[in-house]
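I'd like to ask you about the structure that follows.
Going by the order they are written in, the chains are A, B, C and D; count residues from 1 in each one.
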Amino acid sequence: MQQSTLVRLKEGFELNKPILVVGLPGVGLVGKLVAEHLVDELEAEKIMEVYSPHFPPQVLVNKDCTVRPVSNIIYYGKANGNDILFLVGDHQSTTSQGHYELCSLYLDIAEEFGVPRIYTLGGYPTGKLTSEETVLGVANNTKLIEEIKEYGIEFRESEPNGGIVGASGLLVAFSGMRGIDAACLMGMTPGYLMDPKSAQFLLKVLCKMLGIEVNTDSLKKKAEEMENILEKLKEKEEQQTLPEIKPTEEDLRYIG
Amino acid sequence: MQQSTLVRLKEGFELNKPILVVGLPGVGLVGKLVAEHLVDELEAEKIMEVYSPHFPPQVLVNKDCTVRPVSNIIYYGKANGNDILFLVGDHQSTTSQGHYELCSLYLDIAEEFGVPRIYTLGGYPTGKLTSEETVLGVANNTKLIEEIKEYGIEFRESEPNGGIVGASGLLVAFSGMRGIDAACLMGMTPGYLMDPKSAQFLLKVLCKMLGIEVNTDSLKKKAEEMENILEKLKEKEEQQTLPEIKPTEEDLRYIG
Amino acid sequence: MQQSTLVRLKEGFELNKPILVVGLPGVGLVGKLVAEHLVDELEAEKIMEVYSPHFPPQVLVNKDCTVRPVSNIIYYGKANGNDILFLVGDHQSTTSQGHYELCSLYLDIAEEFGVPRIYTLGGYPTGKLTSEETVLGVANNTKLIEEIKEYGIEFRESEPNGGIVGASGLLVAFSGMRGIDAACLMGMTPGYLMDPKSAQFLLKVLCKMLGIEVNTDSLKKKAEEMENILEKLKEKEEQQTLPEIKPTEEDLRYIG
Amino acid sequence: MQQSTLVRLKEGFELNKPILVVGLPGVGLVGKLVAEHLVDELEAEKIMEVYSPHFPPQVLVNKDCTVRPVSNIIYYGKANGNDILFLVGDHQSTTSQGHYELCSLYLDIAEEFGVPRIYTLGGYPTGKLTSEETVLGVANNTKLIEEIKEYGIEFRESEPNGGIVGASGLLVAFSGMRGIDAACLMGMTPGYLMDPKSAQFLLKVLCKMLGIEVNTDSLKKKAEEMENILEKLKEKEEQQTLPEIKPTEEDLRYIG
């Protein structure tokens, strides 16, 4: 367990040029919300679990009081006749080296499955108080940028100008060296709290790009719950301490 | 010494499906107190010492002014005709990677000895001022949960909802992948100080589960000493600074 | 990607005893400014890219919205009939071990190319308010010190007396063990901000040493811009917060 | 350079059961002062240099403006007809793992040279204002404790009760597993500043144990200089800020 541990849950199936959609925890949990929503709606199937000493040394407790280690998981789904892989997870690496190591592992997996394109999903912290409909993009080649501009993704010179920290960025940059097209799509979010509203905007664009339609009720419901929570907080003017709904600070450091 | 160093003190003995009881330093030192109490009462024998660069780079001084490195130790005892292994120690790993590495080592050892079941012991921080009789549990499968509920262990949906940090959690989660039943049993404790009272409650339940009875005088004595200390502290209203009896902050971070 | 990754962009060319000039981020970004200026002016050619898990787990966004991983880069240029290699980069290692590992890699490369001499460039923080013309030096042998004193480089007993942190120092010290002459040349800089003025002074001396002349307009322009920024800041007396122009604190820790 | 790097400067000489004296930086720099004093007085010869990525990524500047990497060094000297090895250095490891790794390396070297006994030297922080003549000891076996008590070394039950952090402790504890007698000898020191006075007391005892006599003038001079500095500081009542003479905080964390 010195290095990353990969558990393959299903063997011997063939995928036809699957797109890989990555939604790991990050700013506003936007990417995670979108990817997990698609996993649910497309009834995608868990095919791989990744455990790593670079994740926090921690287990999570399920509803039934069984426990599971922190993991990243790959799901396989089908939409509009196309194969899609989803990479989601509880945490990103807690160490710099781990980020590089895990991204290298994920690109090995992508290559093995013949992935021609990767979309990493994330949130872009605006520091403003409300979510915006805009989806900001970066990519690993200009041809891809031209192509996906058509779906309304905005590309702003040198933005994010602080760069992109974490898996969402590394996967896009390093996949280029392996001949895989990749883009990072970022929902604009205040960035302080889980943001299902920004996730809805991002989901809409992604679905267009994938040529699919999915029910968004559960995301809408989450967004409404969030609104309620925020309203109550405003009433009480206790916005300083939001322990329950706040993703961990660590998670918020990552754009994707 | 790059990796964990294992010193086997005794060779060539056969164990018959020993249960492994784990009591490493954690919240209120509850798990450590219980496991070390059983080691003493059952006159268990030291069979392995583990040294690791993931422990603090520190030695401890014995009464006779000899020194020993920080270690985790495995004892072998017999109770009610059954073999029991105890894993106790001075410290848990100081690094994330070390937690994963050491847990992997301990599960290798457990497999080698044919361990069919692991109980990891810990404290559950309530933040309240007094210890409670309740013992909270999580496990790596629902069948085991049903079985040990009979002994009065409480299972609460998704609790601890912050998960379990450290060896107590990792051992339970990863032992499942090796076909070993495992549960983490947590005494409810204020969590601020060493808590021999909570340890007594946990010991009682564990003894029932193991079908044994042990003298608890020394734990009771420790609990009384602790009461005295606390009373004196209240009198002096100097509860802020308790350097002598306080486990290190690091130790308190772990549930088990 | 566990260790440093080296991408060789150009093969099969012969270099004739190239001098290696190193300008990685450090105090006042002096070394980086000088080396990158020479790369531009000499139209040096990118021949190697180094990626490492010891760099921040981050990607940078280009003007055209494509991304690139954090890297160190080696350029090859020709000046005054001599071959010169330049080592520049976005970041130095974020870990102690990484510094040693990367310097070892760079010296391997230097040996392979038959590099007879290395100049590492850096800034020396004076804590004063204005840049000075002085260039301070240290080297890995006294013969080299005598030689380069001729160019006006100052050598002051035991200075910098806090030593030199980062690649600029390690490369000079360890190249001695490989039989390579090396000196670290430091521009005197206030050390708080990017300092193109100090870079100009250092560039002047270095050009003399290399027997070349280069246009310094772009550095002058940067220096003027910096002056303007500083003047405006003085007017507003807001010198406390300079987020845009300030190199990261991490970068400022390194002398070279 | 991934791991410890060992440079052997002299080959092919035979040592006759040399005692190893270890004086690395620690509390009050007591151990370092004593060991370096003996190296000077006995005109011991440098036989090994150790470089490690676990040392700070830094070089030190010599008087003549040449640089040297941070290192630990082994010297060989002769006193009273006996061979003695000295381990001294600029820094201890900056990482936990490094401490274990380097100590393991030093014990390999000790075994290779047939070292039968190790004395690690350090300071014991009393928190009081004046140095004491007492030398406190711990050892890796009780027979050795009985033997060296004769020289006036004090052994106090379970002290230091916080244990011993760093190489001085680890070397004593782990040398026992290799069949090498070892003791840690600690001069009582206020612990705030370099303490040549405490070093003098420790040196006196050590010389008795080694059966040698050495000139202590230079240590006395250092102690007087220190007294002068302290007196001036008291006069000015500026005892808060002593940047020049203070060892780094890191160094002060180690007992030996």
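Of note:
To be clear about the criterion, a residue touches a chain if its C-beta (ideal position, glycine included) is under 8 Å from a C-beta of that chain, and two chains touch if they have at least 3 such contacts.
Note that the structure is predicted; figures quoted are calculated from it, not measured.
Identification of common neighbours of chain B and chain D yields an empty set. In this assembly, the C-alpha centroid of chain B lies 52 Å from the C-alpha centroid of chain C. One inter-chain figure worth recording: chain A and chain B are separated by 37 Å, centre to centre, where each centre is the mean of the chain's CA atoms. The residues of chain C never reach two or more other chains; the list is empty. In summary, the structure contains touching chain pairs A-B, A-C, B-D, C-D.
Listed in rising order, the residues of chain C touching chain A in the complex are 1-2, 7, 51-69, 94-95.
Against chain D, the residues of chain C that register as touching in their complex are 3, 93, 96-97, 99-101, 103-104, 137-142, 145, 155-161, 163-166, 169-170, 172-174, 177, 184.
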